[in-house]
Amino acid sequence: MSILATNKVRLLVQGITGNEGLFHTQQMMAYNTNVVAGVSPGKGGDWVLDGKVPVFDTVKNAVEVTGANASVIFVPARYTADAIFEAVDGGMELVVCITEGVPVLDMMRVKEYLKGKTTRLIGPNCPGILTPGEVKIGIIPGNISLPGNIGVISRSGTLTYEVLYSLYKEKRGVSTCVGIGGDPVKGMNFVDVLELFEADAKTDAVVMIGEIGGNDEEMAAEFISRQMTKPVAAFIAGISAPPGKRMGHAGAIVEGRSGSAESKIEKLKSNGVKLADYPEQIATLI
Amino acid sequence: MSILATNKVRLLVQGITGNEGLFHTQQMMAYNTNVVAGVSPGKGGDWVLDGKVPVFDTVKNAVEVTGANASVIFVPARYTADAIFEAVDGGMELVVCITEGVPVLDMMRVKEYLKGKTTRLIGPNCPGILTPGEVKIGIIPGNISLPGNIGVISRSGTLTYEVLYSLYKEKRGVSTCVGIGGDPVKGMNFVDVLELFEADAKTDAVVMIGEIGGNDEEMAAEFISRQMTKPVAAFIAGISAPPGKRMGHAGAIVEGRSGSAESKIEKLKSNGVKLADYPEQIATLI
Amino acid sequence: MKLHEYQAKNLYAKYNIPIPKGRIATSASEARRLCEELGGKVVVKAQVLVSGRGKAGGVRLVKTPEEAEEVTTSILSMKIKDLPVRKVLVDEAISISKEIYLGITNDRAAQKPVLIACGAGGVDIEEVAQKTPGKIAKMEVDSLLGLRDYQIRDIELSIDLPRQFWRPFGEIIYALWKVYTDCDATMAEINPLVITADNHLVALDAKIVLDENALFRHPDLADLRDIDGEDWAETQGRKFGVSFVKMEGDIGCMVNGAGLAMATMDIISHFGGKPANFLDIGGGASSEKVASAIRLILADRNVKAILINVFGGITRCDEVAEGIVRACRDVASDVPMVVRLVGTNEDKARQILSGASLVYADSLVEGAKKAIDMVRKEDK
Amino acid sequence: MKLHEYQAKNLYAKYNIPIPKGRIATSASEARRLCEELGGKVVVKAQVLVSGRGKAGGVRLVKTPEEAEEVTTSILSMKIKDLPVRKVLVDEAISISKEIYLGITNDRAAQKPVLIACGAGGVDIEEVAQKTPGKIAKMEVDSLLGLRDYQIRDIELSIDLPRQFWRPFGEIIYALWKVYTDCDATMAEINPLVITADNHLVALDAKIVLDENALFRHPDLADLRDIDGEDWAETQGRKFGVSFVKMEGDIGCMVNGAGLAMATMDIISHFGGKPANFLDIGGGASSEKVASAIRLILADRNVKAILINVFGGITRCDEVAEGIVRACRDVASDVPMVVRLVGTNEDKARQILSGASLVYADSLVEGAKKAIDMVRKEDK
């Protein structure tokens, strides 16, 4: 079953009647993902995709009728926080938020609200989850990955595809790929997902794709050295990026020296993680 | 050790420099309660009660210096919610709030904030906790109770003393007495405390003192029938009270028929609780 | 603290909740003039702080200024549940196509604010709630997060509101939520919220109860208190800082603490007596407050005996005793008193009272029985 | 989005944070006049959207109107980190008895807003933070509950602020918190916040960064954007809806997705090349956007080759191909291009590009190597 979702999922699409929502619902269904409902305020009662998916005005209503237990969010950024709150109140076990451009203050409020609740949030600004051959929640292309035993976690979008594709070309299979998104304030982080991979019987090794900024990778390095028995290989993007535009002194004080590609690479290496120089190299490291 | 607190407690008094705060701190110390600090914004650095208790400006500061792990609150009603938030953020395991007249919206916010946190809140508008012969947190007179095996829970103030006194006159000892307060929105309720008494090796029977309004007693009755093995006796005040001034239709819709003394007495009786006709009778029922 | 309908409507109007055109009148001639201004067809509504005015004849539809004058004369001479009517609200009459119930209150069980709506509003709403609870939509709100748009949509769905009204209805719900939180209301209600014949939403009635404990945050709202419109004894009680509710019996009670005060009434009833009032002097009462409370009890001519029951914790028994002595000195009264004082400074109190002609009791049961006996003697 | 110091100060002033008397000047004569108005002793401060202006000589204390004119002439002719100075702020000079640092930003690790204060403010604050981190007080804030009074007291205690300043300092902290949340700032800073010689608190400098993602909520703040004060290419990029950062190399890059764009630059560097820019066209880019992006790359005269790397997911390769064709048609350029397109509609894209004189690559490694080869050939 790999991590986070199975083909038993009863998926709800929030923002299903938008262009992206509709297109990717089709793609997810083509991958045999069990999409049971859509939500689009004011359009409850409609059916989309040749009458295959019923649309509801609210998550609560959709859950009452269809028993949805997971949600993927495609609503515009200004409504995204509300959509996440609604999904949490609706009792979703898993929420995958694809939308990019969500205000950071909204996300900080979301994070406070999630405390003490059982909902797992992936994203926002992420490509979602793909368990090859079984289920796809989000927008990761389904045709560049084979089922297998490598877990993939990434903060990036298209860079994830690049890595999946390079594994695919080497005929290396993936248990689950989780795109956690690159926003500063988000749902699950590297450590949360590494924990799931460590516990997952179908996963034997993990590929981690990070980038500059924040200290998620540094935290992950510590977790790997402390808790992981499975091998981990990583690529960190941004070693040649221009020095970040720091936010005044405050940013420097809070982040200190962490956040640079060098800091992340060094920390990961010293905790036993193999580092790739470029994405395509990663298939050779595990 | 009975429930909620022992003589190992390291107690902090918020609002220690006010009249009530100072008087009752003295009383608690006279009962050998381990008061380690007081908080009074703007008075940090002072010492009160003949230099026995240091005063701090904030809970955080008091905790850093004295290792306080429980707090009792005597601050004016308009600052009470803030004082509770501060106590929770300060990592208190137990907060006993004596102050009466706290706005209900403040308390609803407090309740949301407490979710997922480990702090236990008693009150507001309550007399606090007394474990006879061991520790006193609050304002329950210490001289009307003997150590023993009866747990007492009450929504009322002076009525609690009346019941304690009648047990005292019959030489019946008390394990712990918890005054949970009568406010509509508060910390621990009957069920929470019953659960602790059920699990407490020092408690063999429980006395419960309720009153009209709300449905805490009804919930307690269900809990007692489902989960309690220890005998419970109760007194419910208000059978001759004028019909409550209901808050419009809304109150009636929300509360339905529950809330009256009859409803509570009937519900408790039918779930195996012995009911006293008047407070002094309760000692004869257990 | 309850507000009058017209006060609640003014408050709602500030939050852009649509209300009928209307004004307050304190005389029949004023009502007549308002009726003319409003075009002839109006509703005259008694402004009293109790419910049930409709059934008491305090709300009347009239069609002419003459009729308005006549009806107002009659309403202003009414008493509704003992309260005199001193003002009427004259509102334009509205053609109603549907009545909705909308309210927000504190749900004690959930420990949260709860929004309540029903597609069948009006005076029978409580019956609807009992007989067909499925028709009532309830929505708990997280008071840190506040009311969210999707919760409003869920309510609208639950009461089968036609979609054309979602937007204006949603705005009214949100405004009512703002009133509730901004003003520290414990209850804010619109019943009925009507859809008019020409498809507008209008709040036809309005009811707000404010949290007494939060009035310090709202001096402007505290000023709205209508002392003339309240029960006299309650107002007096509030003035002295005691909690007082008049009842029908003949044994006056003075107790410290609400729970003990109720228990004292209960025990009087249990042994066959009838309490004349609920009176809680609170914690740490001064002798002055005690004296005022006794005077308040004695103002009730039905009172034939007084039972004073004080369990001193914060409250000092000697203060109470001094209050009793003072009251006995000030008021010429031959109503007998039974006094039971336990706790802080109990001995001092006994000393202070040693000269007074009082009956002592050691326990609550004894006190109640003695007071009942006194009344029985009196009655013979 | 960064605001200028004077814009940030105006915003702070609306929240009652005390700022020095001062005004903006765009010419030396204006600065001279302002200096006269302000009483002679002023500070002339370059308004640029980069830090380090002090060390670059962009902040000068002057004592006479003549000196103000002279200094302003010099500052207005400066470039600070490539950005021209177009305005100066002329502020009254303040006698300082103590400098405090105060800031609020988003703490990624805590996923919360964090308030930072230090009793030793000023330009060396980052050094203080590194050498004596104990001097820096940090306080995480729950964004649902908001900043509470006791947190402010904790901060005041932590930086050993004398008690006489607690009240005004607390008001400033709370105001800064309001600015931060009301305006969706990602950073709001006062450094230094000074205690003046006569014991007042004044915000001597002000820095705000706004969340670009939240500007839709703040059209008034969005209008404050100073396009002239920004890097030209970045402004252009934003206009076309792409993310662009100029660098020092000679291989232009166009990629979809920030992570992949960085990885593309990294791989160029890894094999010995030098990227000329970071350019992310985002997801689902149109042919028009692609064409604009290529024109933007070609505007940099250092560029000797272009590497286009697109992994089509939401982005359709055929759209990208059409954009390339369009750009080649519009711009007369002999800069060679390496194209690597994988994913959605990859075959269609190849067809569209079949006529163009491009070099194809199947993998990112191959693409990078080919681009580097082209530059080397060029260099010979």
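Per-chain numbering from 1; labels A, B, C and D assigned in written order.
FYI, a residue touches a chain if its C-beta (ideal position, glycine included) is under 8 Å from a C-beta of that chain, and two chains touch if they have at least 3 such contacts.
All values derive from a computational prediction rather than experimental measurement.
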Inset, instruction - Using the touch definition from the top, list the chains contacting both chain C and chain D. - result: A, B
Legend entry - More contacts between chains, A-C or A-D: A-D
Legend entry - Most distant chain from chain D by Cα centroid: C
Legend entry - Distance between chain centroids, defined by C-alpha means - chain B, chain C (Å): 28
Inset, instruction - Provide the C-alpha centroid distance between chain A and chain C, rounded to the nearest whole angstrom. - result: 54
Inset, instruction - State, to the nearest whole Å, the distance from the C-alpha centre of chain A to the C-alpha centre of chain B. - result: 46
Inset, instruction - Would you please write down the residue numbers of chain A that are in contact with two or more other chains? - result: 109, 113
Legend entry - Per-residue multi-chain contacts in chain C, two or more chains: 142, 144-145
Inset, instruction - Work through the pairs of chains, note which ones touch, and then classify the graph as line, ring, star, complete or other. - result: complete
Inset, instruction - Quick one: which bits of chain D touch chain C in the complex? Just the residue numbers, please. - result: 144-145
Legend entry - Interface residues, chain B side, partner chain C - complex: 20, 77-78, 100-109, 111-113, 127, 139-141, 144, 154-162, 165, 182, 184-185, 209, 211-216, 219, 235, 237-242, 247-256, 277-280
Legend entry - chain D contact footprint on chain B (complex, rising order): 41-42, 44, 57-61, 82-83, 85-86, 89, 109, 113
Inset, instruction - State the interface residues of chain C toward chain A in the complex, per the touch definition above. - result: 142, 145, 148-151, 153-154, 157, 163, 166
Inset, instruction - In the complex, go through chain D and note every residue touching chain A. - result: 51, 101, 103-109, 111-114, 116, 125-126, 129-130, 136, 138, 142-145, 181, 184, 186-187, 189, 191, 207, 209, 211, 213-214, 216-217, 245, 247, 255-260, 262-263, 265-270, 275, 278, 283-284, 311, 313-315, 342-344, 363-365
